[in-house]
Structure formats: structure tokens, C-alpha cells
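Per-chain residue numbering starts at 1, and chain names A, B, C and D are given in the order in which the chains are listed.
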Amino acid sequence: MAQHGTLGVAVIGTGKMGADHVRRLNEVTSGARVAAVVDVDAERVKRIADGIEGCSAHTDPSAAMAADGVDAVLIASPGPAHEAALLTAFEYDLPVLCEKPLTPGSVSALRVLEAEQKLGHRRVQVGFMRRYDTEYAKLKSLLATGQLGRPLMLHNRHRNVATPPGFTSAMLINDSVVHEMDITRWLLEQEITAVTVLKPTPSGNAPEGLQDPQFVLFETDGGAVVDVEINVNCGFGYQVQAEVVCERGTARIGDGHALVTNMAGRWGGTIAQDFVERFEDAYDRQMQAWVDATRRGEVTGPSAWDGYATAAVCEAGVRAQTEGGRVEVELIERPAFYS
Amino acid sequence: MAQHGTLGVAVIGTGKMGADHVRRLNEVTSGARVAAVVDVDAERVKRIADGIEGCSAHTDPSAAMAADGVDAVLIASPGPAHEAALLTAFEYDLPVLCEKPLTPGSVSALRVLEAEQKLGHRRVQVGFMRRYDTEYAKLKSLLATGQLGRPLMLHNRHRNVATPPGFTSAMLINDSVVHEMDITRWLLEQEITAVTVLKPTPSGNAPEGLQDPQFVLFETDGGAVVDVEINVNCGFGYQVQAEVVCERGTARIGDGHALVTNMAGRWGGTIAQDFVERFEDAYDRQMQAWVDATRRGEVTGPSAWDGYATAAVCEAGVRAQTEGGRVEVELIERPAFYS
Amino acid sequence: MAQHGTLGVAVIGTGKMGADHVRRLNEVTSGARVAAVVDVDAERVKRIADGIEGCSAHTDPSAAMAADGVDAVLIASPGPAHEAALLTAFEYDLPVLCEKPLTPGSVSALRVLEAEQKLGHRRVQVGFMRRYDTEYAKLKSLLATGQLGRPLMLHNRHRNVATPPGFTSAMLINDSVVHEMDITRWLLEQEITAVTVLKPTPSGNAPEGLQDPQFVLFETDGGAVVDVEINVNCGFGYQVQAEVVCERGTARIGDGHALVTNMAGRWGGTIAQDFVERFEDAYDRQMQAWVDATRRGEVTGPSAWDGYATAAVCEAGVRAQTEGGRVEVELIERPAFYS
Amino acid sequence: MAQHGTLGVAVIGTGKMGADHVRRLNEVTSGARVAAVVDVDAERVKRIADGIEGCSAHTDPSAAMAADGVDAVLIASPGPAHEAALLTAFEYDLPVLCEKPLTPGSVSALRVLEAEQKLGHRRVQVGFMRRYDTEYAKLKSLLATGQLGRPLMLHNRHRNVATPPGFTSAMLINDSVVHEMDITRWLLEQEITAVTVLKPTPSGNAPEGLQDPQFVLFETDGGAVVDVEINVNCGFGYQVQAEVVCERGTARIGDGHALVTNMAGRWGGTIAQDFVERFEDAYDRQMQAWVDATRRGEVTGPSAWDGYATAAVCEAGVRAQTEGGRVEVELIERPAFYS
């Protein structure tokens, strides 16, 4: 491992997704750095590597994996290139985060499974990122408590504003509904055993030739029925909703970002029990903002003037509290220094 | 600056708040590391420093600020110690994140202001972290658009489950309502000019001698009226809500974590327009989870088996879509390796 | 017609539903009165008729329809008795409100259709009362505006706490889902062309032998796909929800009694534009409560004391408004007369 | 009393409010009829009376109260005329529903109180109709259960789109905030002891000379603090909200028409427990619609065709349920008679 135990990552593919992962590893993730980048476009990859201290540029994934300081691999190249990159990573015995799909079909996916098993230990994480969404995570936790009983049905809504040119009906399954497949398997801990697709008359907003929306049904080996409204030219927004219907209640996410349950005669959600739960993210963002500004040599955020002004208001507040009535706040004139 | 430009931070005070900031800097914040820790308890501070590579332990803030690799200071000691620590940091000309309060009164705060001005450039950020809360930030952004017109009133609710032993009425202003003072000044960009406090008959849940809840009113130099329900033994949860009433509508946060507006005959909120907006946090968490697990030598998250199983379901889905009817999914038996 | 144009109604069947309709006609509906009641139980029907001025008791529907003052018929007898009662009403050429089902099967229903057509004018209204629900009515109105475009899908949830003894899987279709059949046809103005039923593993709360919940799919001659979660032992409450998915947005009812739309980047609902819209029901209830109490010789509701006390507070309010500060309210001691 | 015990009401004043009450008594309220109408405009009042069977027209309230068939009085004349009308009603010993205000001031109100006490029994109900609003009624019921403990604070929002010409700051108290005065007294069962009014800088939407919005504070003899945002040119809608803050939780109405509580770590509301609770209003509306249409000689609502079509879909549904797969629905061609 690198200094201070920082994880050096080789990023394979620097398209839209890969470039965003490079930014994330550099600026958001704690304890990681980009040690190597790979792209078929040699100029592009050099330009990216040049902006990152200690990062090498490559056009060959294997060379990148062998490069100095590389501890792990992130695969963000197009799907058809995944199998080769995975097998190479296994040769170097490196941990891999592989963007979905693992590979573009089940036969090639099976070859990857076999290779990983031969390696003798697990090395691959697939990029099904919905499992890391706070709402889905809360839903999963709630199911795990058993309060709601066994899941019977799962209703899903998956809506996109509009599709890019060239989007096909098959992509609607492979690129969009694939997320609900993963969520179904993960939430219910059951395998999907059958699929049915119903097709309403297409929306006037669907491009010529695209059957959109569709209504997809899954049956599972645990006896659950799952439905997915896939509606990728809905026009109004990007919306992902899920409601699990269990024996003793239902739980729904995706409306205004809170988990809402129906249980025992009541609908509603939980209230945080302390400021840590409510404001943990704010503390994290504050620290990152301060560190980022300080590294740029800047000062942002609440100033000493803000500290002074609130101290003066507190003093008036305590007087109003103890003496009653209305207490005026006295402030010095604000120095230009703090304007 | 340290290697890779990482910011070395001296953390002054390792009580509950300080220890949490040490954890945050080490495990959450990108681009920072704890370079020195200070506490009056020499054993405690040594124990903390020993667990962090390249971190020195001190009982004297000045020594910590002079220590190797220190680029910035985080003050999390008790309020009465803040002034001395701030003045020392100014001597070393180090950037400071100072937990609230800046100092415990307006007179001492003024001394800090004067010292910072003498330094000739701003160095202090005060830890009013609500400004970094996603909901408050959205509220601020919405006000900045001018869509709602000028703010006229601001209604606040600040509720805690219960107070710890020794909590006084003055703390209710200085430790709790102080947040609404900052939020009022920041959201409205106005100074508070007068304070009034109304006291209902105390709740039966309030400890003997604590006047709780209270209803606090601010007037501002921009002509706004602000009210705060401070209710720190409410029993049911920690709840922070704010509604800004403007000329053409109102905007409210704190109900189930979404910004809700009343405008032009409609109530409601916005819908994300793409997956980045909706799932950005999930991508960040996925990366952090993968990096953390990998650094621990573990593999967690969706496995290659998950990649294979969804590929097989996709194949069934595309067949169901093109051929109609119900298509069964064929899976190999799940290898024990992936169980 | 009866005096003051009041509609005299013969109620056929005085079981739970019929008895409730008798009460409704007597105490809630304006402009109607129960002129005759029919039941196979002669004692029961006599007891009911005796409590209503000008109401005759019968065991034979035909005699009731011929009775003095009968202008219309309400059929609330068991389903198998509907056909005969309807045909008799046609002989008397009386308007009929017939509880659902019209008749228990499509063949007998066809005979009723033919008889009504022979009569030459429409006489029958079927008791699909969901069409009169405020929320469904708003949904229908919204669709009629065309704002959302053409309906593509309709998602329904139909949940009951528990089923009574003897409830069968067929009743789940005939007594429960029948409402969604009517709503589908009415909301979409399309006929249903095919039905599919999926059955998850039954809930542990379902009585032995009842397959509950089920997931029912309709296809329509307008190309819409409709799904119904029918879940009649859900345990937590009675819940009826519907979401219409259209080309440009969706609209949902059944969550806390308001219509919520997704449209043009925003979710939310409408805000009333005046007090008539918001409080029309309150005015209606106030009048009914006053009339009912007055007819009983009682005085309820806000008293003259309430009128006096608010007048005194208004006077203090106007002084506080014009003079500033806090104004005390002066009240005489409350007379025992008003306690 | 009139035939069938119908209550004959003399309506004093046929302006906007009075005319609406005439319509309500005639078309909505069960068991009442308008027996006499009074207005200073003799032509107007004659025109109204002519449209109602058995209703006499008057310009003098006393004559109306003496008219044939009058059992009770509804006063909807301007406030300054209320005292005389009330005293006259006492002479005839008639029950009165008096629109708010009882009289325009506390001194005149006291005279009414004295007169009613001399009469020896209560005769007056004041038209504070918010007490009959479903949401306020639920709030009151919830407080009565004691679940939430003692009320400590009550937050109110009272928003109007815009004020009519001539609306004054005093009317803002006397015509608008008067509702919150009544609600405070009724909900809390406490008298108001002091009033304070705070005035933000007026909204740009407020007409010249009107101080709008205002923030009004009540203190009560039970130690509660009550605040009212009165905001009568808010532009976006008519919105009435109330949140009672109690010792163990809070309860709020006015957001999308449901009661929402904060209690024991959860926010949310109740779910109906049966169809009567959920659809009672729909049954009432269905009956009124059928009676109204029948009295007009019309047939509206679901037809026999609707009864037939749902019977056919039920048959398909039961087959789909028992045989599996997709079952097509067979319908005869729709007769023109039912189109």
C-alpha cells in the first residue's frame, strides 16, 4: 500500500463515468488516490494523468495494473471490454470495482465467475450503486428487523426525463430495469425465476420505434411478485420509487427522500433521535469544505464576525429571558474586513 | 503542505466533539490528515495519536501548532479556551476551524476580531455547520433566485428529545437557539436588532428549574420577524424545521428531508432531473465503502455472482419483451464460493 | 312528487347496507325521504317503518313500489334478488339506484340491459360509489383537462385490514377488485379486454385456503395496462390508492387524502384559492349540526359567550396593533349560564 | 314544526353569505327549509322567495320571525344589525344561528349575553364554522385523548391570496385573526389574556396603507403561547394551518388535508380502518347526486351498461385466477342507448 495506507487505484476507461470516478477518488473519497489511468485515447489519458500527482498514463490495462503504486482496479470501460480487464486483474490478483454490467451476457459472466473461483478468493465488486443509496439502505434495514413480516410484493417505478438518441427497447431492459433486477435480488434475498413484459400503447413522447413505457413483472423463488414501471421518456423528472408490501405493512421510498411505512393503523416515518443522525452529513460537508478551501489558500464559511454577532444576540437573548420584554441587540459597525 | 498536498490538521481538544472530528478527518474527509492532537489529558491524547500514522500528541496547543506537518488548526476545546487558542493560531498564521461559540461572549469575540484584522487576512471559520446541511443550503439557494420575493418572516422549530443533567435556561439560548441566530443572519443576510422571549407554562417533562419550552422572537434590521420554538424536552425526537415566508410564497424544510414550497397555487417540491442528482451520494458512498473494505483486505458489496444473475435475468427480460408471454430464467446452481 | 318536491324512495332490503341507506336518506340527504321499506323479515321492516313518518312497510318489492308517495327505488337486497327487483321497477317505470352488482353475472345483466332498452329511457344507476369520492373525482377532472396527456398505465392498491369468515378467492375478484374494474373503465373511458392474475405466496395473515394477496392485471381497448394489488388481510388499515401514469406526468390519490401530481420537474398538489374551497364542507356540517340540534330542541356549538370573548380579544388585538406592545384582555367573569 | 318535522328557517340578510346559506338550506341540509327571507332590498328578497316553495319575503326581521312556518332564525346581515336581530329573536324565543361576529364589540356583545340569560335558556349559536372542519375536529379529538399531554404552544398560519379593496389593518384582526381567537379558545379550552402584534416590513403585494403580513401573539390563562401568521396578500393561495405543541408530541393540520403528528420517534398519520371511514362522504354524495338528478327527471352516474361490463370482467377475472394465464373479456357491442 502507498504512504499513509492510501489506496492506489488504476482507473480503466476515462469516458464520462470513468472521468467522474477519477474526480471522486481524488476529491471526495478518503484514503484513496488515482495511481494510474487507462484509455485507448493516449492524449486524453496523458492529459488526465498530468493533473494528478503520482499518476501514470496508459493505453494498456495490463501495464496500468503493473504500474507503481497500484493497489486496486476500477473498471469503467465499455461493457464488452470488461471480461478481459477482469481476467487481467485476476492475474495481478488485484481487487476490482467493476461498473455494471459485469459482462454483457450470462455466458461471459460465467467465465468470470469461474476465473474468480480458480483464484481462490473473491476479488470483484460490481457497481450496483443503488445498494448504497440511503433510502434503499433504510428499506433493507427495515426488512431485516422483521417488523413487517415476509415480503410478498415489490412495486417499482423507474422514470427518466428522456432517452438519448439510439436508445433501444433492449437497452430499456439491460441498462434501466437491470437496476430493479439487482434491487429485487438484494432486498428480497431471492432469485428471479420468470419475467413477463406488458407493453401499453407507447407514449407520444417516445422516439419512433421505442416501445416506452413498459410494465415488467418478475416472479421469484421465494414466491414474491415484483412489478416495474419502466418509463424513460416521462418528461417530468428522474424518479426511482419502491414499495415493499409485506405481511404486516408496507414501506415505500422515493417520495421526497424519506422512508414511509404503512403499519398498525398508521402511515409515516421516523424522526431522528439526535443531532448526529440529523446533521451528520452537514458535519462531513463542513469539514470537506473547510479542508478544500484551506488547501486552495482561501477562507470561506462563517467568519469571526458571525461568531461575534451571534455572541451579542445570545447576550440579548439571555437578558430577554431573565428580565422579560424586548431587548435590543448592540453591535459594533461591521468592519470592511468582514464584508 | 504534506505529500500529495494533504492538509495536516492539529486538533485542539479531544472530547466528544474533538474525537469525532479526528475520526472524520481520518476516515471521511478527502485530502486531510490529523497531524497533531492536543488535550489536557496527556494519556488520552497519546493513546489517540498512537493510532494515527504521523500524528504527534501534545498537552499545549502552541506546541501542537508548531509541530511537524501541521498546516491548519481545528479548535474543539471548551468555549472558555477558544480565545487563547485562536490568538496562538494567529501567531503561527494558521487557518482555523473553530467550533461554536467563537468565544463565550461578545467582548472576548471582539478581541478576536481585532486580532484577526491586525493579522491582515482572514483565518477563522466558525463551526456553524447548519449552513452545510443540504436542506438549509437548498433553502438559501431558492431565496437567492428571487422567485419568492423578499423574506418577511422566518418560523423555526428546534426540538430535542431531552436535555442532559445540568442544562440551564441560559444554555437553551447560548447552545441551542444560537443555531437559529446564525441561520437567521445567514439566510436573510440581515442582522438581528432585538430579542423577545415568551415562556409558556413548562412541560411536565422539563427537569425541575428549567423553563422549557420557550418561544423566542427576533426582529432584524431588514424588517423581518423571526420566531423560534425551542423545545428541548419534547420527548419524541430531534427535529429542526424552518419556513421562510416571502412576498410570493413560502419554503419549508425539515419534514422528511425535502424542501417544500407554497407558490402560485401549488405546494410541493422539485423532482431530480437525472441520476447524478438523485444518486450522487450513493456513488460517493459506494466508492468509500469499496476503498475502506479493500484497505481492510475485504470484499463486500455486489459480487460477480450478482453480475451473472442479473445478466441472466436481462436475457430473459429481452426475450419476454420481444417474444411476449412469460419467460423463465435459467441460472446455474449458486457456487458455495459466492454464498 | 311529494310535498315540497321531496323524493319518496322505496328501499328494498334493510340489511346492513340497506339500513344505512335508510339512515342516509332520512338524516343526510336533502330533498328525499323514505316512503316505503321492504324486507323478507316482516317484523324488522315494520319496526323500521314505524320510526319514519309517512313510511309503509312491505315484504314484497312490487307492493312497495306501488305504495303511496313512492317516486323512486333503492335496491339494497342481496345480489341474486336484483334482477327481479329491477324488472319490477321497470314495470312501474321508476328510477332505480341499484347497489353493486347490477346482477351477479353478465348473462343476467344483459337481460336487464335489454329490459331497460325496451322501456325506451334509462332508469338505472348502479352503486359504484367511488366515482363520488372527492379524490377520484379530482383525478378524473385532472385527466379531463388533458394537461397530463393520454393515460398509459394505472396502478391501484386495494387493502383491507382483514376478511370476514367465509371470504373466498372469487369474492376477492367479485366484491373487491370489481371496484377497480369500474374505476378503470370510468377514469380511462376504455373497456377492459383481458385479465391476468398473479399469486404471490400467501401472507401468513390470510385465512387457510384464501390466496391473498393477489396481483391483477387488466389490458384495455385503448392500450393501457392496469395493475391492482388486492391485499385483503394486510392488517394495518383500509387503503385505496391509485396512480395514473400519463404521457406528461402522473397523478396519485390515496395518501393522506390529497391529489399529488408529478409534472414538469415538480411533485405536489394544489392550494385552495379561497375559503369556500377550503371550508365548504365545514359550512355544510355547521348547518346540518345546527339544524339537527335545533330539531332536537338543543343548543350546541359556539355560544354567545364565545362571541363576546372573541369580541374582547379583537379589541385588545386592534389596540396592540395600533399602540404596540402587549395589551391585556379584559373579560367579565364567565356566567354559570354559559359553562 | 313543519311537516315531516322539517325545520323552517328565517334567513335575515341575503347578501353573499346569506344567499349561500339559503342555497345550503335548500339543497344540502337534510331536514330544513327556508320559510322566510329578509333583506332591505325588497325586490331582491321577493325574487329569492319566489323561487322557494312556501317561503315568504320580508324587509323587516320581526315580521319574518312571526311568519308562518318559521321555527328558527339565521342571521347573515351586516354585523351592526346583529344586536337588534338577536334581541328580536329572543322576543319570539327562536333558536338562532348568528354569523360571526356576534356583535361588532364586546360592550354590545355583553348586552346580548344579558338578554339571553334573562330568557332563561340558551338560544344562540355563533357561526365559528372552523369548529366543524374535519381537520380541526380531528385535532380537537386527538387533544381530548390526552395522548399528547397538555398543550404548550399553538402555531397558526392564516394566508389569503389577496384582500378586496378597502381592507384595513383593523379588519385583519376583526375579520381574519378572529378565527384563530376562536380556535385557540376552543382547542385549548383556555381564555386569551394578552395580545401582542409584531409587524414585519410590509410585503410589496400589500395594498398601500395595509400593514401586511403581521405576526400576532396570544397568551392564555392556562399558560399557553399562541402565534398567528396573518398574511392576507400572500398571492399563492388560501391556506389555514395549525400545529399544537404538547408535552409529548405535536399535531398539525392544513398540509394537504390530513392530520400529521410527531410522537414517540415517528411522524405520520392514521390509516382508515374500514371503507365506511374512507368512503362515507362518497356514499353521501352518491345519494345526493342520485336524488338531485332523479328530482330533475334525469339519469346520471354508472349505468346498467357499467353493471354489465364489470360483471363480464369479473367473470374473466375469476377464470384468470383459477385457470392461470391471460383471459380475454367478451363484451357485446355497446348499444347506442348507453353511449
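In this text, contacts are C-beta pairs under 8 Å (C-beta built on N, C-alpha and C of every residue); 3 or more make two chains touch, one makes a residue touch a chain.
Computed from a prediction, not measured in an experiment: that's the story for all the values here.
S.K.: Measuring between Cα centroids, what's the chain most distant from chain B?
M.R.: C
S.K.: Select the interface copy of A-D from among B-D, B-C or C-D: the correct pair shares over half of its contact pairs, counted by residue number.
M.R.: Repeated interface of A-D: B-C.
S.K.: Sort out for me whether B-C or A-C is joined by the greater number of C-beta contact pairs.
M.R.: When B-C is set beside A-C, the one with more contacts is A-C.
S.K.: Roughly how many whole angstrom separate the Cα centroids of chain A and chain B?
M.R.: Distance between chain centres: 20 Å.
S.K.: Could you work out how far the Cα centre of chain A sits from that of chain C, in whole Å?
M.R.: Their C-alpha centroids are separated by 45 Å.
S.K.: Measure off the straight-line distance from the CA centroid of chain B to the CA centroid of chain C, and report it in whole Å.
M.R.: Chain centres of chain B and chain C, defined by C-alpha means, are spaced 49 Å apart.
S.K.: Which chain C residues touch at least two other chains?
M.R.: 199, 236-237, 239, 256, 260, 262, 265-267, 269-271, 273
S.K.: Which residues, counting only chain C, touch chain B once they are in their complex?
M.R.: These residues of chain C touch chain B: 260, 262, 265-271, 273.
S.K.: Show me the residue ranges of chain A that touch chain C in the complex, using the header's touch definition.
M.R.: 149-150, 152-153, 155, 159, 198-201, 203-205, 213, 215, 217, 219, 222-225, 227, 229, 231, 234-237, 239, 245, 247-250, 255-256, 262-267
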